[in-house]
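See below for the structure under consideration.
Every chain is named by a letter (A, B and C) in the order it is written, and numbering of its residues begins at 1.
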Amino acid sequence: MRVARGTFLTLLCWVVLALLPPVLGDWNASLLAQYVIYGIFALSLGLLWGTAGILCFGQAIFFGMGAYSMAVVTLGKLPALGSSQWAGFALALVLPAVAAALIGWLLFRGRALAGAQLGIVTLCAAVVAETAARRWDFIGGFNGLFGVPSLAFPFESDALSGIGTAYATLGAALAAYLVGLAITRSPLGTVLAAIRNDENRTIHLGYNVRNHKIFVFTVSGGIAGLAGALFALQFGFVSPSLVGFALSTEVLIWVAVGGRAVLMAAFLGALLVRSAETVMSATLADYWLLVLGILFAATVVLAPQGLLASVLRLPPARRLRRRSRPTSTDTAALAPRAAEEASAGAS
Amino acid sequence: MMLYVEGLVAGYPSGGRILDGVSFDLKEGEVVALLGRNGMGKTTLMRALCGQLPLQAGTIRCGGQSLGGQPTFQFARAGIGYVPQGREIFANFTVEENLMLGALGKPSLPRSLPAETFEIFPILGERRAQRAGTLSGGQQQQLAIMRALVGQPRLLLLDEPSEGIQPSIVDEIAVTLGRIARERGLTVLIVEQNLDFVEQLASRILFMENGRIAARQAEVGELRSDSDLIHRFLSI
Amino acid sequence: MATAIALSIDMLSFTLTLLLVTLGLVVIFGMMNVINMAHGEFFLIGAYAVVAVTRAGGSFWLGLVLAPCLLALIGFAVEWLVIRHIYRRFIDTILATWGLSLALKQGVILLFGPGSQSMLNPIPGTVEVLGVSYPAYRLFIMGMGLALALGTYWLFFRTALGLQARGVIANRAMAASLGINTRRMDWATFATGAALAGFAGAVMSPIMSVDPQMGMGFLVPSFLAVLVGGVNSLVGAALGSGVIGGTTTMLSARLDQADAQIVVFLLAIMVIRFFPQGLTGDRR
């Protein structure tokens, strides 16, 4: 069987990631785990922005919410939920997802916000969330919360080794990736692509655009929450900046550099920028941010699709590959296909 | 020779060649109509001639000045005035501001409107402080023509000036345009579907077919007598 | 009564200050449809320009004149290097200018260090206004906000240059076909917006702690002022500044400043949510 280049390279990336931890050793493997956490976060935004075209400037709201959920639960501040990491993960998935659903409902009901309005409103929401987190003593106020336990073996309390953490994190990343992939390659994902390309036309084709957008916003919020929970366990602390504006824009950079249209590219974008940061901040010191800013602006101007998207782009889903005209006149089946073709032509 | 066009090739990034080697020329002071069926490339040719569409190949010379590869505003400054299909007036600006914009683009002209501006189409004078978007279609067309004339062009390109306009105003426009062309020695190229309008203004007729100018040209009188012409180039 | 007058003056003061900072954004975002995330850094560099001039022995007033000139140059360079390639890619303007904002801010840190600089107040003392004594320099800022808003209005709506700039923004191809050099209008408009931002930073420098984060504090309120008031109109920006500035001042009198900010931002989000075209509406 012939395997497309994008598929091959995507698989190769996962295989390499799976082989890396023992090679890297305990210390570097836990560094890898950190990057992968950011990768999951980037994945959540890639799903939202790349697939449905919703540019969210407040993605860290959901990431931070997940991190705070995990911290609050494992530190025993919510006795009703116990203090296990399982409960922490559950809350870290559910709370951001619910918050995303509510925010999504507010943003997309009626005449949906889009473009500049959507960007500024979500940016503003992130600033509000960060300020609120600073003011709320229950979650540690200005200082945040410390002493969050490390990721432990399932059903036990012993902390995992660096290599073990790396594998657990990679497992979570793969799960998140597969969820995202399932959505983008399903008929639902095709409708989302149609929304990204021309929202009004998709509405006129009879789709409930609002619900589609709320759905993807919810899933994206949940995935960001998962990344946040892993972050809290990995770093042992949470602070108001995790819900804030700065992190929200940082994740935008990762996704834009990797390539927003392809999930794997968004994921690797985070790994790429973070590892570049580790390497270059050592050699460039204070000049690093200057260089990063310029590189980022240059990437946006010169490579609007991102650096990795073109090589990692997967072939279209099988149901969209038929060359012959479908005999069915079912418009519901035809419409998303037309939209997909339009999007392929546009990109 | 006012306008010299040779081997013009142009099109849109997605749609291939729309103009496939257009060649023709216009003598100074000549009023020429460009006819052809829909989709033959008339509007595309007009956009190429006014510099809005980049050339893939070919030559455009206006009054001896070669314009290929120049930015759009240089076409205008070389003396090409453009009245586009759909008029494209600045709807949110006042009538007077629209007309001022016609003058401001030409560094050689004074930054004020010439005295006769509001005499040519008196309605524009009455409405000079009104937002252009509130004018009727015919008045907007008069504004678009006047906006081009304010810039003192030597060659005027008119794309479907009678489209969607009530007949009495179409007539007024044709009469006024004819008079101005004679008075100023203006060269005019008109794309038009309305044969009455064409007969009233033009002396010579070019036909466009499949992205080229057809070899067959005509005097304006032949239009009614030669049903073959109508059939070949105009029936829809 | 005196407190009511003081509060009213405070509200007016914050409104005009915000308007001053927002003007550059009205030009670049409202008119050119470029979301300039580096607006805060333009503001910041304006303030640091004054710091640099006074350090070099120049007067504050010299700095006030030089800052917008410097920012006009920077605006020109940014437009030339980055923005002109992405006018048609609205989202990318956000991303690219965000990259620029990172770079510019870090550049300032490299030149001046991360700490805050303080400026001497060039007009110390207070002035008696309706029985309330008010810092003279604040009154100067209010005057500047008003003057610059009127000046910007005059420039764009009463001069030939402004008419051409608006023409290019309204219909680029047609403006070019009338002989207007659209590229020159683009960079001139962008540089004007940048200069306005830099001037705002320079004017504000004596009463703010001049540090690398100072641009950030005004970025969000300015964007909100533009959106709440209505994009693409100076009247809208004035109204938006009034709504944001006025409510912030009123709430700050009773609440903690952070809480007041939360309430104002949430209010602004609601306004934008239910009036996406802004309070003045937009007939585009």
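As a convention for this text, a residue touches a chain if its C-beta (ideal position, glycine included) is under 8 Å from a C-beta of that chain, and two chains touch if they have at least 3 such contacts.
Because the structure is predicted, anything quoted here is derived from the model rather than measured.
Engineer: Given which chains touch which, is the overall layout a line, a ring, a star, complete, or other?
Structural biologist: Graph shape, chains as nodes and touching pairs as edges: a line.
Engineer: Write out the two chains that share the greatest number of C-beta pairs in contact.
Structural biologist: Summing C-beta contacts for every pairing gives the maximum at A-C.
Engineer: Starting from the Cα centroid of subunit A, hunt down the chain whose centroid lies farthest away.
Structural biologist: B
Engineer: Can you give the whole-Å distance between the Cα centres of subunit B and subunit C?
Structural biologist: For subunit B versus subunit C, the centre distance works out to 43 Å.
Engineer: Could you please state the distance in Å, as a whole number, between where the Cα atoms of subunit A are centred and where those of subunit B are centred?
Structural biologist: 53
Engineer: What whole-Å value do you get for the distance between subunit A and subunit C if each is reduced to the mean of its CA atoms?
Structural biologist: Subunit A and subunit C have C-alpha centres separated by 33 Å.
Engineer: Could you please specify the touching residues of subunit A with respect to subunit C in the complex?
Structural biologist: The contact residues of subunit A facing subunit C are 55, 106-107, 111, 113, 115-117, 119-121, 123-125, 127-128, 131-132, 134-135, 245, 249, 252-253, 256, 286-287, 289-301, 304.
Engineer: Write out the stretch or stretches of subunit C touching subunit A in their complex.
Structural biologist: The touching residues are 29, 33, 35, 37, 82, 85-86, 89-92, 94-107, 109-110, 220, 223-224, 227, 231, 256, 258-259, 261-262, 265-266, 268-269, 272-273, 276.
Engineer: In their shared complex, at which residues does subunit B touch subunit C?
Structural biologist: Interface residues on subunit B, with respect to subunit C: 50-52, 71-73, 75-77, 82, 84, 88, 90, 92-93, 97, 100-102, 104-106, 111, 147-148, 151.
Engineer: Note which residues of subunit C are touching subunit B in the complex, please.
Structural biologist: 160, 163-164, 166-167, 170-171, 173-183, 283-284
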